[in-house]
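Lettered A, B, C and D in written order, each chain numbered from 1.
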Amino acid sequence: MIVKEIKQPGKYSYVFSRYAEPIVHIEPGETVAIYTKDAFENRVSKETDLPSKILEGDPNPQTGPIYIDGAEPGDTLAAHIINIEPTRGYAVSAHKPGLGGLTPTRSTPMLAEPMPEKVYIYKIEGDMITYNDRMSYPWRPFIGTIATAPRLEALSALTPFDNGGNMDTPETKPGNIVYLPVNIPGAYFYTGDCHAGQGDGELCGFALEIPAKVTIKFDLIKGKSINWPRIESPSEFMAIGSARPMEDAARIAYAELIEWMVEYGWDKYDAHQVLSQIGKLSVGNMVDTYYSLVAKIEKKYVKF
Amino acid sequence: MIVKEIKQPGKYSYVFSRYAEPIVHIEPGETVAIYTKDAFENRVSKETDLPSKILEGDPNPQTGPIYIDGAEPGDTLAAHIINIEPTRGYAVSAHKPGLGGLTPTRSTPMLAEPMPEKVYIYKIEGDMITYNDRMSYPWRPFIGTIATAPRLEALSALTPFDNGGNMDTPETKPGNIVYLPVNIPGAYFYTGDCHAGQGDGELCGFALEIPAKVTIKFDLIKGKSINWPRIESPSEFMAIGSARPMEDAARIAYAELIEWMVEYGWDKYDAHQVLSQIGKLSVGNMVDTYYSLVAKIEKKYVKF
Amino acid sequence: MIVKEIKQPGKYSYVFSRYAEPIVHIEPGETVAIYTKDAFENRVSKETDLPSKILEGDPNPQTGPIYIDGAEPGDTLAAHIINIEPTRGYAVSAHKPGLGGLTPTRSTPMLAEPMPEKVYIYKIEGDMITYNDRMSYPWRPFIGTIATAPRLEALSALTPFDNGGNMDTPETKPGNIVYLPVNIPGAYFYTGDCHAGQGDGELCGFALEIPAKVTIKFDLIKGKSINWPRIESPSEFMAIGSARPMEDAARIAYAELIEWMVEYGWDKYDAHQVLSQIGKLSVGNMVDTYYSLVAKIEKKYVKF
Amino acid sequence: MIVKEIKQPGKYSYVFSRYAEPIVHIEPGETVAIYTKDAFENRVSKETDLPSKILEGDPNPQTGPIYIDGAEPGDTLAAHIINIEPTRGYAVSAHKPGLGGLTPTRSTPMLAEPMPEKVYIYKIEGDMITYNDRMSYPWRPFIGTIATAPRLEALSALTPFDNGGNMDTPETKPGNIVYLPVNIPGAYFYTGDCHAGQGDGELCGFALEIPAKVTIKFDLIKGKSINWPRIESPSEFMAIGSARPMEDAARIAYAELIEWMVEYGWDKYDAHQVLSQIGKLSVGNMVDTYYSLVAKIEKKYVKF
């Protein structure tokens, strides 16, 4: 199969926006390979490339918007993530003043001094991502940022919200289907910020950041709307809530998952009981403008 | 003095956006009278006009963008609020499912049933706003929503953030100067959502909503940037933080006020000590997408 | 009138606890003068007395428990604050690592370095509290910590909760009546932590700390229970919520105030509407184990 | 091996308290079998036993305090959980007004109506816990509440905090070691609230509640103190933070885990980087007075 390749023709996008010009049109059912830059705009390649010095303008460049032919408000876009390939031999992380879960930030300001800035360059070697003997982790790639455009707003590419966005959830990975609401004609799909792996919460604010070639097959579910992003793996149904404080992200995720179970015929209170006993909840990020949590249930408990 | 009158020429705006066309250009130093609709788009005039039924599209229409000639990123826009006049004889409030501080919302979803919907029509009679004998309050007008455009984003008119916006702070009132950051050339000023009065927190999500004629004098402070909106009254300096959870809004407001004191020559730790002993903190809203808190200090403690 | 004087006979208390021995019994209707230490245990008297060095054991010593004869669970204790007199000529504040709204704490830990420790000694001169020419504030005394014992728990004297406690609300001041729930026979009243004044939020974690002689008249309201502390001033009804995050403290305070209005015959939804338009909300502390917010309404809107 | 059996001799405890009399003394190194009641005090056995009607007094009865001979403040108690056996043939869950993550509570009050009360009785059949064909889950037993006494406070058995307590974390299960700080001589160990299984977050506020016989081996680590509870499984190190809002629980858990890694020779910033890439974070409860989150890292990344 020859897959259409999509590269950003000019400037990358730093917002999810209906106000931009689509870079390409694709058909539902089509599989494409999308090239993405890393969250540092590929500008950090050695330990002296401090993000606070080297980054001009905005972080987290996005490839898009991609126009999905026939998509209309009220539909749902299904993005089957087929594959993620790094397009260079190393991943980058960093500790940067003003970013992270254990340091003062713009939204949680303090008079305390931030932790020291530091860049970590990891080699990608086979199935391992390696900084040194002790800091070496398995290859667990996923897409950090995947979105449709909001209905009216143009939201920063740093923000996760009901249109998807910078959720930094390891569940947006090859093999899974990400469902996103279609808010405007053409959906305006964006993606970027691939990760070679990440811990729960993305504590320092940077995962193992890589540029990548992302292969996605798009489908369109006509006349079916969702309130918040959903994910389907071979064995699980999942819903993602993005909010602050973190408990609100958990509430949203579980409420949307109850909604999904209701669509399968469940009584909402029984669904609530089932999730109380067998639901899973994982933390995507605890560092972005909203925190993203993923509520999950095995399909075998839902279908009947 | 003949004051230029500004009315929205076509559709009102429901975002604060650099992507819109300015409706008018004005010069720094100019005083203008801006006509605004109420948060219900002036559609609610009797108790049977339930917001959940009658509102099509978006709430909180804004007049703008107004282009401020000469405004450049890094400047600060000073909006002296001169006067607020209601343009009809009644104010409207309501209890609406999904909105308010004591009811489940989209960002704090629950399986609980919401409180009943109800519309309150208040007469404006002289200096009193009156629903019945017991529910009658003084005329305390202010602007609920006052913003410049963000640098990259187009934010919902329901959102308060670092560009001002839907802060719902009673301190944005006649006699006071509101300072807003200029993020793009021309600043793109927006305003709307006037209130005949409001309790702290705007508990139910609607104040005493009125359409109004708002008189504002604009000045431009070149080469001076601020991080978050500031307000100056004849006797106080104030800074507004908008965030969730609420303590982060308080942190932002106090941190920005410390910054302001440092600009006046204060040591930042001594400023922190002074605010600990004599600072004021008030709650604008506890219902919007971010909560807005105002930190204040009397000028006499700052200037020396 | 000769007022009974109460001094702690032995060790001060660092918890609000039913498990302690009452230090004295008093009758409802009685007025007493209670001697309290400051939050530093009166150990800090000069700038080199750093709290992190000089404090052994616990902060915030309490005088009590005081047994209120005839008090039974389900009653309400009314403490009329008559007067607060400092028992020495200076007040103390400090910046201490691990305490404050703009610094990492035990409950909001960070890898950032805390701000420098510093002690501020203020002279009490007439009606002014003075550190230097610029840092001089009016005398605005109030009780920082005022509590009954919880039903089962023994709570730290640093904690504000539904039994009152370390609320640090400037409204617990002379002229006002503080209503506290009676949870156990005798109520077990505690007080301490007087302040010569404080900014909203008590930003650095220490107000203008003073030892004091506090004159209080106690009354007992039999068979009347409240959920959270309430305050009555000559002109206002108030309720105090203590919780984290801060919006929950606001919710509690407003919900309890609605309850109070319902006791006066209000429909709860109309009370909610009135508070939306004319309620006040102030921040006692944003630094203690729970944040304390005070919701208020003028009595003239309630009684009818 | 004959194991000493411990049954509560009189009234169960509803607080973690130094003010109680120990029910038994045990030696470090000893293995004991502790009998516990379920969170409903074993009072709910059929669907008409509504908790709001049938529960008198307090929920969550604890067995204890158990005095650990030789334990002194500054030591750490290691509780190896060996086994959990249900002492009856069914588990109970319920939806109860005022409890849960998707319903108004005492700390997040609303004017909304709560969801309907309902009792779920599950049969324990072999390795499955079964309500009906669709609501049947595997046997995944753990201890919901496990604590030492706080240093000064007597905390409700419903509260999780730095002394352990009602953490409702599925990781406190057979095969794992729970480390708890010793705050007072004898440690005063308490346990109760066993669960036959639970979803992440314990959404409705009740897991699959069972009375049980819990076999634990106690060890004492002299002269070694910890700030927050820790857990060791055969393959992982874990730390538990309990706080509100939820992000603070995550911060505490990760900060304590960094501390643990530093004890193994890690630089704290490198530990922070490792957890950013390979750390795990799971949600114990999102319903108790504090939320409990567990940060985890595989031992193979720590030891070297």
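Everything below uses one rule, namely that a residue touches a chain if its C-beta (ideal position, glycine included) is under 8 Å from a C-beta of that chain, and two chains touch if they have at least 3 such contacts.
Which protein is which chain? UniProt says A, B, C, D = Acetamidase.
None of the values given here were measured: they were computed from a predicted structure.
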Contact-richer chain pair [B-C vs A-C]: B-C
Centroid-based (C-alpha) most distant chain relative to chain D: B
CA centroid of chain B to CA centroid of chain C, Å: 33
Where chain A and chain C are represented by their mean Cα positions, the distance between them in whole Å: 46
Two or more partner chains touched - positions in chain B: 102, 109-111, 115, 244-245, 251, 255, 269, 272
Graph class of chain-chain contacts, one of line, ring, star, complete, other: complete
Of chain B, residues touching chain A in the complex: 14-15, 17, 19, 58, 107-111, 152-156, 227, 243-245, 248, 251-252, 255, 258, 268-269, 272
Residues of chain D touching chain A in the complex: 93, 95, 101-102, 115-116, 118, 120, 129, 131, 133-135, 137, 197-208, 244-247, 250-251, 254-255, 269-270, 272-283, 286, 291, 293, 301, 304
Interface residues, chain C side, partner chain A - complex: 102-104, 109-115, 245
